[in-house]
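The same chain A turns up in both complexes below, where it pairs with chain B and then with chain C.
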Partner chain A sequence: MSNQKKFIVSHAPFWLDGSRISIRSYNLMIAALPALLFGIAQYGMPAIGVITLAISSAIIWEYLWDVITKQAVTIGDGNAAVIGLLFGMLLPATAPWWFVIIGTFIAVIIGKQIYGGIGANAFNPVLVAIAILMLSWKYVFNFDGMLLNYDFNFLAVYPLAALKHFGVSGIESFNMGDLLMGQQIGGIGTGFGLGLIIGGAYLIIRGYIRWEISASFIVGMFITAMLFNLSDSARFAGPLVHLFTGYTLIGIFFLATEDSSSPVNFIPMLIYGAGAGVLTVLIRNIGVYVDGVVFAILAMNLVSPLLDMIRPKAIGKVV
Partner chain B sequence: MTSKKELQVAYGLAIIFLVVGILSYAAFPAKAPDQPVRLMFEGVAGNVLFDHKTHTVDSGYGIACQDCHHNLEAGETNPESCGACHEIESGDEDVPKRSDAFHLQCIGCHKEGDAGPQECSGCHVM
Partner chain C sequence: MIKRSFIGLAKPRLEYELLEDIQPELVRVPTAKKVTLFLDSPFDPYIKRENDLLKIGDKVKTGQKLQLTGDSGAYVISTVTGTISSITSFISDLGRKQTAISIEAATEEAIDETFANQSKQPGIKNLLAFLEGAPGNPNLKFFSGTEKTIGTIAILGADKDLLPVTNQYFVKSKTDAIKSGIRVLKELTGVANIVIVVPQSLMQAAGATGVQVKVVDSQYPAALPLMVMKDVLGQVVPAGKTCEDLGVCFLSAEAVASIGSAYESGQLPISKTFTLIKKDGGKILVSARIGTSVKDVFDACNIAVKDNDRIIFGGIMTGSSAYSEELPVKSDTDAIIIQDSEEIPLTTDYPCINCGDCIRICPANMPVNMLVRLLEASQYEEAVDNYDLDSCVECGLCSYVCVSRIPIFQYIRMAKKELARIKTAEATNE
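== the complex of A and B ==
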C-alpha cells in the first residue's frame, strides 16, 4: 500500500532540500513542550504517566498496524508520536491507563491508518479520538470531577463549565492574565495559554503551520464571542475568556492546522479557520457541550475538501 | 522512505516512554488525600461541586469538623463521610436520606450565616 505510487511528479531536474516529515514532527513536539512542561509541573507524576503512555502506545499501534498489514514500518516519520502527544495533552492528568490506550488506538488506527496513513486522513486523528471518547466516557472530560484531589492556589473550577452552568458570574473571579498564565484547571497541555502561543508562533515562523488558519480562527471566534457578549453580557462571556480557556489555543495552533485535514489555498484557509472559530463559540454558548473546539474543527475538517475547490484560476485558462 | 536513524528514534521513544508510563501509573496510583480537597456530589438534579477545603481551613470559612459531621465524639479527628450513614434512599425516619441531609446541612447553614448560595442553581450544575 504505502509503496504504491500516490502521485506522479514532473521531469527532472529536482532539488532535494533535505526536509523530512520526521523533522516536522520533531518540531511540532518541541513547540508543544512549553505548554506540556507547565502541565507536568502543575499535575505531577500522573501527567507524565498519561503523556508517556499516550506517545508510546500511539507509536506501538502504528507499528502493529504496519506489521499486520505487511507494510513498511512508518513510525520513523514521528507522526504517531505527535498524535500521541497531542492526544495526551488534551486529557486530564488522572485519565485511566486503559482510556489512554483506547484513545491512541482510535486516533492512530481509526483516525489515520484506515484512510491510508499519513496525509490521507480526512479528519484530525486526535480529534476523532477525543470526540468518540467524549461521547463514550463523558465523565473523563469533566475536569471538575476528575481533578478533585488537586489542591491549587487558584480557583480550581473548570472555567468553561462554570461559565456554561452559572453564567458570567461563575467566572468573575478569574482574571485574563491568570488564565493566560495557566492558573486554571483543564487538560494537561491546554491550560498554559502563553506556552501554546509561543509554540504556535514558533511553528508559524518556521513554516510548519499556516498562519492563515490560526489567525482566522482567532478572528472568527473573537467576533462571534463579542456579538454574543454584546447581546447578553450576563450570560455570554467576552472573547478573551473564550480565547484563554478550554481547548481553544491548542486547537488554534496544533489541531486545526493539521495539514491533511485542512485546506491548502488562501481563501479556503481563511474560511476554514473562521468557521472553526465561529462554531466553537456557537457550540459553547448555545450548544449542549461545555467546550466546542473538538466538534467545531471536526465539522470544518468535513468541509475542507469542498472549501479547497475555491482555487486560483489557472494561468492562461480560457473559460 | 524512513531512514534507519529515524526508526531507531521511534523505537527508542516507544520503549522508554512505555516503561516510564507503566512505572508512573504503577508507582503513583491515584489516592485520595486524608482530608478531601473538593467533593463532587452526584445527583439527578445536577452535580454539586463542593469545596471541602475552603469550608474547613481557617483562611476559608473555618468551619469545625463537628459542625457538619455531627456524630463526631469529642477529640475524634477522623469523621466518617456523610454517605456512611445517610443512604441514597432511607427507610429510617431518624436518618434523613442523603439528598435531604445535604439540603438541610448546606442550605440551613447558608441561610443561618447569610452566606453562600441558597437557590438550587447556585450549587447544582443544571
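== the complex of A and C ==
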C-alpha cells in the first residue's frame, strides 16, 4: 500500500468561485479610501493618528480575544481592520486616544466577538460602539466643539447641528455642491460625499454590498425628508441636505450594508433600507439627536431577522 | 476553474459544455487484468456464508449475472471472463454499504449466453433481470411493480453536470441504438409517452429518434432532473417528492442506448463510455469495461497523476472524489476529472457571514443562509420543517459561491441522508 499515490479527497463542488472573506474586507477598505484620503487631507496628522490607532487597536483587541478564548486567530480575514477603519472614519479628527481604544474595544469585543464572532453579530459592531460612546461622552461628537481649533476656508459649522438649532435659516449659506465636495466639518471620513458615493458604487458593482439596501435607504430618506420639507420648509430641510450631511452617505454604503446585521432577501432588504432612511429623518427632524443614522440603522438591525422571514417560496413547497 | 467575475453585481453564469467543441473520437481502454464490480447490497464477512451463490475461485464468463445471495435480488453483470479473486465489503459515498467483487481476467474471453436466449421472450422481466446495472445506470426499478406508476419516460440527452459530454455524445453518434432502445422500452414497459431532452445544438440528431424533442437551457443547473421537470416538462415536483412520484422516469441517453444495443445484438453491454477531463481541461471520450480501475484508464490514455491531485468521479459540481487509483469505473460514471494539486480550492470551517450570495443563486429559492446555521448544528428536522431542506435540487451552486467557503452542499446531502435514516429507523420500530 505504501506505493499508492495519495489524493486530495473532498466533497463537491470541486470548483469555487474564488471569493473569500479577506478579499471582501480589502475591497471594503479600498472603497473607503477616497473619502478617507480626503478627510486626512482636510484634518491632517490628527486624522491619521485616529485612523491608524483605530485600525490597529481593533486588530489587537480581536487578536487578544482569540488568544484568551483559545480560538484560531481570525485577524487575517480583515474584518477587524474594516471595523476599525469605519469606526475611525466616524470620529472627529481630534478624538482623544483613549476614546478610540475604548471605542474599538466596544466594537470588536462587545459588538462582534461576544455574539460569536464574524457573521453572528446582530448589530453593526461599529454602530454599537458609536452609539454607546455617543451616550457616554457626548462632547466628542459635538463636531463644532471638537474641531474648534481648525481653520477652514469654508463655514466651520456642523450642518446638522445648525439645522437642529436654527432651522433651515441656519444652513442657508451651504450649497449642495460644496457639501458634496466635502466643504463641511464632521467625522474624518464622512464629509466627502462624492468619495463615499464613488466607493459605494464600486462596492455595488463588485457585488460586495447589496444595492437594494442602499437604494431603498436613499428613497426612504428622500420621501420622508421631502414630506417634512413640504409641511414646514422653514423648520425642515430638503432631502438633499439630509443626504449630503452627517453620517448619511457612509451609513448608506458602508454601515447599513454590513452583512451579518442586514437581511438578504429582496423584499426584506427594501424594507430594511427604507426603514433606516425614514427613521434617520424622523430622528433628525423630531428626535432629540442631531444625527439619526446611527440609531436608525441599529433599530433596523434589530428587526432584520424578523424581516428576513419574508422570503420567496421555495420551489415545490406545498404549504 | 471559473472565477468570480470582476463585476459581481450579476449572478455568475455557468454554461454547460457542448459537444461540438471537441472531437467525438472514442479511446478504447483494453480489457484490464482485474476488474472490480459493486453489488448493491451489504456484505458481512463475519457470518458463515454457506448458501452464497458466489465464492472466491469461481469461474465467470463475460455477461454472466452475478448474485451473492438469491434473496436480495441485487446483481451485477460480469464484464470479463475470469476467476473471482476477492469478495469484500465496500463503503461507498455517504456510507452506502456495498459488496466489492474482484475478478481476475483470463486471457480467453467467453460470452455467457443466458441473456441471448432469454431476451427473445417477451415481458419486462428480462429487462429488469439483466439491465439494471447497464452502462448509464438505467433507473428501472420503477417498472418492476404490477401497478403502472410511470406515465412518461424522459430521456436525458443533455449532461447533468458541467463538464461531461457523455450523454450528448450518445445522442449524436448512437442515434440508432437509442432508437431501438426506445422501441424496446415502449414494447416492454407499455409507456407510450417518451420524450428526449437535449441541448439546442442536438435538436436535429435527437429528432431522428422519432420521439418528441424538448430543448433544455444551456445554463447550469437546467439539466438536473428536478429542473427539467419544472422548466421543460412544466411540472413542479413538490418538496420531498421525486420525479417518479409524479410519474416521470428519467433515463440517460446512454442507458437507453445500452438497452437498445442489448436487445439488438443479444449481448449485454459491458463498456461504459465517459468523458475524461485532463488537468489542462482537455477532454477525451473514453470507453472502458465497467470495473476497470482508474489507473488502467490513465495508463491507456497516457495520463500521469501525482500526489495531492484530485480525481473526481462524475461532474465538477456534484461528483465525488476518489481516494485511490484502484477505484473502478462504475455504470454511472459519466466523467472522470483530474484536478492538479495547485488548482484545488479548499473549504473552510469559517462561519456564515450572511452575505446572501447563496440566496441569490439558489435555483430553488431556499433560505440557504438559515439552513446552513441549522445544519452545522445537526438540527435536521427543524431544517426540513421550517427552512425548505426538501426543496433542494442538489446543484451545489451555494457552495460554489460561498464567501466563507462552507461546504454547504455536503451539509445538505448529509442532512438528507440522515433524515432518510431516521425515517427508516422510525418505520421499522413501529
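Keep this in mind: the second predicted complex is superposed on the first by the 307 of 319 C-alpha atoms of A that agree within 3 Å, B and C clash if a C-alpha of one lies under 4 Å from a C-alpha of the other, contacts with A are read in each partner's own complex, and residues count from 1 in each chain.
Assume a contact is a pair of C-beta atoms (placed from the backbone, for glycine too) under 8 Å apart; a residue touches a chain by one contact, two chains touch by 3 or more.
Remember, it's a predicted structure, so these values are computed and weren't measured experimentally.
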item: Joint occupancy of chain A by chain B and chain C, clash or fit; value: fit
item: Partner chain in contact with A:K317 - chain B first, chain C second, else both or neither; value: second
item: Touching partner for A:S56 - first (chain B), second (chain C), both, neither; value: first
item: First (chain B), second (chain C), both or neither touched by A:A81; value: first
item: Partner chain in contact with A:M45 - chain B first, chain C second, else both or neither; value: first
item: Least C-alpha distance (whole Å) that remains between chain C and chain B when both complexes are overlaid; value: 5
item: Common ground on chain A, meaning residues reached by chain C in one complex and by chain B in the other; value: 20, 77
item: Complex interface listing, chain B residues touching chain A; value: 1-3, 6-7, 9-11, 13-18, 20-22, 24-25, 27-28, 30, 32-33, 36-40, 46-47, 49, 53, 121-122, 125-126
item: Chain A residues touching chain B - in the complex, by the definition given at the top; value: 20, 22, 44-46, 48-57, 59-60, 63, 72-78, 80-81, 94, 97, 144-145, 148-151, 156-157, 161, 165-166
item: Interfacial residue positions of chain C with respect to chain A in the complex; value: 1-4, 6-10, 12, 226, 230, 236-241, 305-312, 314-326, 337, 339, 341, 344-347, 350-357, 359, 363-367, 369-370, 388, 390-391, 393, 396-397, 399-405, 407, 409-410, 413
item: Residue ranges of chain A touching chain C (in the complex, touch as defined); value: 4-21, 24, 77, 116-120, 204-208, 210-211, 259-260, 262, 264-265, 308, 311-318
